[in-house]
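One structure follows; several queries about it will come next.
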Amino acid sequence: MSNKEHQAILMEHYKSPHGLGVINEKHTVGKGVNSLCGDEIRVGVVVENNTITDIKFEARACSICIASSSIMTQILTNKKTSEVNSFYEELLDILKKNDVSAESHRLLIPLSNISKMPSRHKCALLSWEALRDACKL
Amino acid sequence: MSNKEHQAILMEHYKSPHGLGVINEKHTVGKGVNSLCGDEIRVGVVVENNTITDIKFEARACSICIASSSIMTQILTNKKTSEVNSFYEELLDILKKNDVSAESHRLLIPLSNISKMPSRHKCALLSWEALRDACKL
Amino acid sequence: MAGVGRDVHSKAISQFSYYQNSGNHYLDSAATTQKPDSVIDAVTQGYRHFCAPVHRGSYPLSEVASSAYETARSKVAQFINASAQQLIFTKSCTESINHVALGWAKSKIKPGHKIWISQMEHNANYLPWLQLCKETGAELKIIEIDSEGHLQIDQTGLWDDSTFLIALTHCSNILGGETPVQEVCDKARNHGIYTLIDAAQSVSHIPIDVKALGCDFLAFSAHKMYGPEGIGALYIDAQRQLEMSPLLLGGGSIESVSEQQIRLREAPHCFEAGSPNLSGALGFAAAVDFLQAFPQGAISCYVGNLGQQFRQALAKQNNITLLPVAGGGNTTSVVSFVVEGVHPHDMAQTAADNDVSIRTGSHCSHLLMSYLKFGAVNRLSLGIYNHSDDIQPLIESINAAADIFA
Amino acid sequence: MAGVGRDVHSKAISQFSYYQNSGNHYLDSAATTQKPDSVIDAVTQGYRHFCAPVHRGSYPLSEVASSAYETARSKVAQFINASAQQLIFTKSCTESINHVALGWAKSKIKPGHKIWISQMEHNANYLPWLQLCKETGAELKIIEIDSEGHLQIDQTGLWDDSTFLIALTHCSNILGGETPVQEVCDKARNHGIYTLIDAAQSVSHIPIDVKALGCDFLAFSAHKMYGPEGIGALYIDAQRQLEMSPLLLGGGSIESVSEQQIRLREAPHCFEAGSPNLSGALGFAAAVDFLQAFPQGAISCYVGNLGQQFRQALAKQNNITLLPVAGGGNTTSVVSFVVEGVHPHDMAQTAADNDVSIRTGSHCSHLLMSYLKFGAVNRLSLGIYNHSDDIQPLIESINAAADIFA
């Protein structure tokens, strides 16, 4: 896929994000702040038997943060909390090392567009950090 | 007079300084320290009826400091304390502005050699500052 | 006016040879300015020809270095109409302000005292005071601004006896414009209140005279006025200097030391422990020379007018919220705005894709951001190399961003 | 050995184009070193091509500036085998040490605690501790040296429970040589004593590995290792970093702030408030590159041998008192001496008249001076541009001075 196509997918997530919604008392909440950017995000999870059964996020954030959050909720819903870190590491590798391979999760690949913009890595990672916070990882 | 001749006069003062000697209980003492150079000087004065009747100095100091001290004792012995500052100002002008004229005190003129060496101005001024300290000027 | 303006720009631009060829519309001079060739040369001349310790050697190279350093100090001091003895070199405006907080205010302030800063302070003139107040039981108070950017200097309590210090920015790094520093300093002096002026954003274009201003402290950085990085300055009133302790202790700052007592050297040396930054000072002085080669007021007029043009162009767009200019009015070298439906980070990115460098974020001004209830804003800020040619590319970027994101 | 030495010198000298043509025998590298062309170029490249805010913008120029800054940090960190996160940029070794005293030790130390420094510390590693002890009721103790320059590390009380910190220079700026830093750090760790190493004089020629050393802090300046002025570094052990507060507060150092709490960013950023000195960092990294282009140990061997040759030449004169070398031995890049009957200031002046730049004075080391009972001494110190050709002009100056003054 080309950068253009990745970009189009990210814009699609931004315009119609998965998981954007109201956090309620059933959710355990984690927070993320990007001081450079002024972004703030809250991520709420419902965990049953070590499985994440629901993720919602509320954000005042840029397109990349929202797209990445949307991707995150798609990937991690119905995953074990023990799997969160390996996806997070995979995203880190994609961003910091532009390390995309056949094994990379299909939904994460568009985020490789961000690897050449270090100042926006934090945008892409913010919701993930908030989620790890919520899951106490 | 040439710089060479000035230099010779300063060396003469250094080798056989006037006023270098023992300070005793009759003297009022002022001190000077040059932190860059490590020099220390004590200047003792006897003042009677506002007149400086004796000046002695003890020093661990460089040639310029000793020469300047020697010149100082020659100039200021038997002068009024009220005259100290004007000679001091004259020396300052000679050092900082290389301001030597027909009115300059004959004995001060050789110190004009130091004007082009700012790091040694303090050496030439140290005993004068100690003297002003002793005279509470 | 327009004539003067054109002259300023054409005279300036030829001296930024690298910037000129970059093809970039650099609109972030409030963060740091580009450097004229003369400043870069002054820095390298320092390394090539005066590479020796300042105030520490007695051989000719060191003598030359020492006097070059003091000449630079005199030049920077004279630039703000201070005497050389009252100007100390620091590493930055940030260090300058922290020096005042830790080396002076900390030992003078009492519980119950109040320190007032404005709503639009940069974190550098906010956090040191917040921390100091926490530690000493003093209280940090905020001079508010109204929706047009006017500082509320008649605010209740400001002129009370309990007010110890007013620490105020001269130009806001977000709202631009100018605060009424002269009025504040005059009134403060009459009330026995101390004043610190953060001139980081003003020295590059507004003439400053500390004697006329009558402030106790004035802080700024070289790198925001076309000078080198890693060096700043602090003006200290003669009386305050006597009450001040050095922030750092080390070589070059003392006369003598014993177990009982550290005897400091005279000012300014006692406040500059450590090997002086000679090349920085030379570059700083070259920046002053660069600025002083323009007629008094011409730079201020040029960038102020240009800022006004940018504001007018932005105001014409119907999808833009403009932040007010500090002090009201339109003349400013800094313009902040938000594009409806476009997150500032996405806006800045789109501009970057079009070779327009503007900023996004909270701009190290958390106080103002929380007041404005914006998480972030976009900001453009101008230097003398900018030109009205830079307006159209920005407007195009805004339209492009709106198309993509809004 | 001699072969390696010649290679070092001939490889080095061509890179100091300005120094080479100066006709000066510069023997004051312990104060500040001359700069190779690559360092000067790195600084100017910063101003020409990366002139943008570090860690504050999202447009390409700022991205490039930010990553250049962090790459420079990694390089300087790796030079002493530290991780990038553990290395902060300061303005000088002096600031680095003061930062530890004020930002870390001050909040940890208790009355009755002892801080030990050596007899030969530079004022930068003496005054901050003296002041801290005065303020906190702790006690400053001195590790003595014997007449051969050996540090008395078995001194009574040094390894007591009440010892909080040992702050020790690696190489003395007056006695040269090397102190047993590895032995001291090993023993200190076993006794739960913290250690700070002042590496200002050693980084230019002795390989340093903070992991092997196991010190808690290590401080140095770029300008004494062929790098630019106005920038230094502080290595902070990961554990100590958690206990440490920033010396300065301002832009770039915080995550968020409310009336209740300042939330700092992660290290190293929280310790670097204010606009980073990018050009300084680039020059610093270029200095590391310059040093690392020589085989490991080659520089140390070259300047150490050269120092020994100077000592031997001086020892042959019957009118000279040589100060001992720290740690005993003869291998040293610094040699201090006094010429009988010639005040050091007069000696330095006579040398200067012969184009030989040596130092006089107390060298910012009041502690050692009062111990040695000298008001001042002469010092020569070597860089890799020096050569045995520099010996004869010095000897001639000494003879000339003795003729004139003794």
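We just call them A, B, C and D in the order they show up, numbering each chain from 1.
Simple rule for what comes next: a residue touches a chain if its C-beta (ideal position, glycine included) is under 8 Å from a C-beta of that chain, and two chains touch if they have at least 3 such contacts.
All values derive from a computational prediction rather than experimental measurement.
Student: Taking each chain's centre as the mean of its C-alpha atoms, which one ends up farthest from the centre of subunit C?
Tutor: The most remote chain is B.
Student: Just the number, please: Cα centre separation of subunit A and subunit D in whole Å.
Tutor: 46
Student: Once you find the CA centre of subunit A and the CA centre of subunit B, what distance in Å lies between them?
Tutor: 78
Student: Can you give the whole-Å distance between the Cα centres of subunit C and subunit D?
Tutor: It comes to 32 Å between the two C-alpha centres.
Student: Quick check: what residues of subunit C touch more than one other chain, meaning two or more?
Tutor: Subunit C, residues with two or more chain partners: 56-58, 62, 254, 256, 345, 349, 360-361.
Student: Where in subunit B do residues touch at least two different other chains?
Tutor: Where subunit B meets two or more other chains at a single residue, that happens at 35-37, 117, 120.
Student: Indicate which of the five shapes (line, ring, star, complete, other) describes how the chains touch one another.
Tutor: Basically it's none of the tidy shapes, so other.
Student: Pairs of chains that touch, anyone?
Tutor: Touch list across chains, by label: A-C, A-D, B-C, B-D, C-D.
Student: Which positions of subunit B touch subunit C when the two form their complex?
Tutor: Contacts found on subunit B: 33, 35-37, 117-120.
Student: In the complex of these two chains, what residues of subunit B are touching subunit D?
Tutor: 11, 14, 35-40, 60-64, 117, 120, 123
Student: Quick check: in the complex, which residue numbers of subunit D touch subunit B?
Tutor: 343-346, 349, 360-362, 369, 374-376, 404-405
Student: Could you pull out which subunit C residues touch subunit D in their complex?
Tutor: Residues 18-19, 24, 26, 28, 31-35, 39-40, 43-44, 46-49, 51-53, 56-62, 91-95, 97-98, 122-124, 126-128, 130-131, 221, 223, 228-231, 247-254, 256-257, 259, 262, 273-280, 345, 348-349, 351-352, 356-361, 364, 366-367 of subunit C touch subunit D in their complex.
Student: What does subunit D use to touch subunit A in their complex?
Tutor: 55-58, 62-63, 66-67, 254-256, 265
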